[in-house]
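Chain IDs A, B, C and D follow the sequence of writing; residue 1 opens each chain.
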Amino acid sequence: MSKGRLEAFSDGVIAILITIMVLELKVPAGTDLRALRAAAPTLGVYVLSFVVLGIYWNNHHHMLHATERINGAVLWANLHLLFWLSLVPFVTNWMGEYLTDALPTATYGSVLLLAACAYIIVQVTIIRAQGPASRLQHAVGSDVKGKLSLVLYVAAIPLAFVGWWIADALYVAVALIWLVPDQRIEAQFREASVAQTPARREGFKS
Amino acid sequence: MSKGRLEAFSDGVIAILITIMVLELKVPAGTDLRALRAAAPTLGVYVLSFVVLGIYWNNHHHMLHATERINGAVLWANLHLLFWLSLVPFVTNWMGEYLTDALPTATYGSVLLLAACAYIIVQVTIIRAQGPASRLQHAVGSDVKGKLSLVLYVAAIPLAFVGWWIADALYVAVALIWLVPDQRIEAQFREASVAQTPARREGFKS
Amino acid sequence: MSKGRLEAFSDGVIAILITIMVLELKVPAGTDLRALRAAAPTLGVYVLSFVVLGIYWNNHHHMLHATERINGAVLWANLHLLFWLSLVPFVTNWMGEYLTDALPTATYGSVLLLAACAYIIVQVTIIRAQGPASRLQHAVGSDVKGKLSLVLYVAAIPLAFVGWWIADALYVAVALIWLVPDQRIEAQFREASVAQTPARREGFKS
Amino acid sequence: MSKGRLEAFSDGVIAILITIMVLELKVPAGTDLRALRAAAPTLGVYVLSFVVLGIYWNNHHHMLHATERINGAVLWANLHLLFWLSLVPFVTNWMGEYLTDALPTATYGSVLLLAACAYIIVQVTIIRAQGPASRLQHAVGSDVKGKLSLVLYVAAIPLAFVGWWIADALYVAVALIWLVPDQRIEAQFREASVAQTPARREGFKS
């Protein structure tokens, strides 16, 4: 089964999600700076969600680049990921409208947590489809970033009820962790261009 | 005629449909659990429609994978399918807003029934374009799932006037039937990788 | 310059246009047949516009299939076509809301007329980019359908002020003319598969 | 790393942006010419933004055509460009609603200025990824158009507070400068088809 259409469909959905959020940015009701400032919280949350979706697209790109085989399970795991991502515009709007309230902030984090879990499920499903010692498994390694993200989201959700800005700071922190493109996979590819199948070779050792 | 652009266009339309439904999820009017619970029925119908469209994308993917030739009739049959799918967000919103009413529930089922019919028409049109004993025809076989779906939808529409939850249960049942990716076609491909053209060979026998 | 991205971009824009029209279909305000019937005119215009955009996608597909070379002029002519198509949802909504009024009906026709002109401009620009005796030019021939469409639109616009249904009947008539995929180009390809470059050969004669 | 998915994702986002702007074109409240004329300013700004986004798509197409290698930095620079472009529908609506006010007009220009800067960043990042004396660097040359656009936008923003129409005239002027597709790169390609790698050869001289 070819991965081309899976990439195209995922690209389509993420491209739409990243752009339809802007539809919810309401035109400022006036023409002075005060009207523009009233739109600032929504704009801020919009920027965060744009970066988060951009990170997902970027990592998805890297992950599928290191993928050779997909199957029906991968298709469904991927749709499951897209489902949680599709709720990002919804929670972005809610949090943007009620920036200083606990529940919208915690709900935003919950959706991001579930999306992060869904991403890990996709990763595991793809690795299982590649057979033992796959290039992706080697590249992902112990997945420190992925695990750290989960921990930070799990911490942020209850902390939203202590202070909305604590949760928001953690959401921004997770984004910053990922803003660097996945060096592990890129490094893997550079290595791969020297020795033809080092992932497979080194994989057998471990 | 190449199937590449047909796939790309269908992917585009389904990706857009699956994501614009979220635009209709209204931001909860408040920040307590009650406000979030008020959005629950719409969210529930959204999940169902997301799964239904995901199934269509998935099956469409498998169907075109087993397709070698397309023609003008296939293009139009496919547009006819996309038309009924394009009404899914419309009936999703109506049913989400009036969850316990008969007519919106029955209309939702009618659109899904017509989409299911349109899918079968695409399937028949593609099989006809492949010539006798095509790989797709062999893979589809007697199409038990497809026929069962039609029966369940036809039953659900009048039953919506008896109890909205009966119809909804049937809609969920159809989704569950299809959630498993089409094993027949995948099995077909595994087989095909052993003996080069078994579909054609076995097709002549039947 | 490759035509791949031009196709992808056009597919994207047309796929979005054909689906965002559904966003304007307002949820019926009620749950009885009367509420559904109130949505009927908008739904009817939606069906017409869906078919019109489907025809454009279909013909665009055929046209680019017969294209070998594109250049900067083709890119811009294509964007010009997409501009007029992008106004279709706008005039669809206006006409759907005021079905029996002259000006919205005439405006709808004007946008379709300008889109039809833009399509012909794309066609001419592509033919010019192919050099003399191109396969597309041979396939298009005297373009009877294209010219007839222009005549019917030009007639429909003033007739909208006599009776809205006359103009609407003409819009439907143009759609019916085109619903058959462009046999000329398909025939051309069948021919081409027999003798390798008959378009070029026969083109020199004419 | 392949550039295919970067192109596809960018095409997707730009195609969506160029079409969702039309969703904000409100249906005229009436059926006479006065109602249509009330929609004229929004329509005018819509046309300008459509052309601006069309130019970006066109130039992006040319730029990636001359690109051989991309890396993680290019992916992020491209997402940064898409971010600023994604705000175009937002500022289009604001300016369309308050055409004669200074702040919306200046904000519109600011977003275009930041998008223009982001485009230059993408260009520089790609050129750096190609290694010295790349085909793109040769094609871009001294980038007079790019620099002139920045100057005009920087001038337009404060001038919006003197007269909204001065800023608008400058925005239109920048669009006109770019409407011609990038001759430099096209020329480069024609040249390249004569001598195999003239960019590289001539690049070493400079």
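We take it that contacts are C-beta pairs under 8 Å (C-beta built on N, C-alpha and C of every residue); 3 or more make two chains touch, one makes a residue touch a chain.
Just so it is clear, the structure is predicted and the values come from calculations on it, not from any experiment.
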Chain centres computed over CA atoms; the one at greatest distance from chain A is chain C
Counting residue numbers used by both copies over all numbers at the interface, does the chain C-chain D contact come out same (over half shared) or different (under half)? different
Separation of the C-alpha centres, chain B versus chain C, in whole Å, is 27
Between chain A and chain C, centroid-to-centroid distance (C-alpha), Å: 38
Where in chain D do residues touch two or more of the other chains? 8, 12, 16, 20, 23
So, with touch as defined above, which chain pairs make the list? A-B, A-D, B-C, C-D
Can you list the chain D residues touching chain A in their complex? 1-2, 5, 8-9, 12-13, 16-17, 20, 23-24, 71-73, 75-76, 79, 82-83, 86-87, 89-90, 93-94, 97-98, 101-104, 107
Looking at the complex, which residues from chain D come into contact with chain C? 7-8, 11-12, 14-16, 18-20, 22-23, 25, 27-28, 31-33, 36, 47, 50, 54, 57-58, 61, 65, 179-181, 186, 189
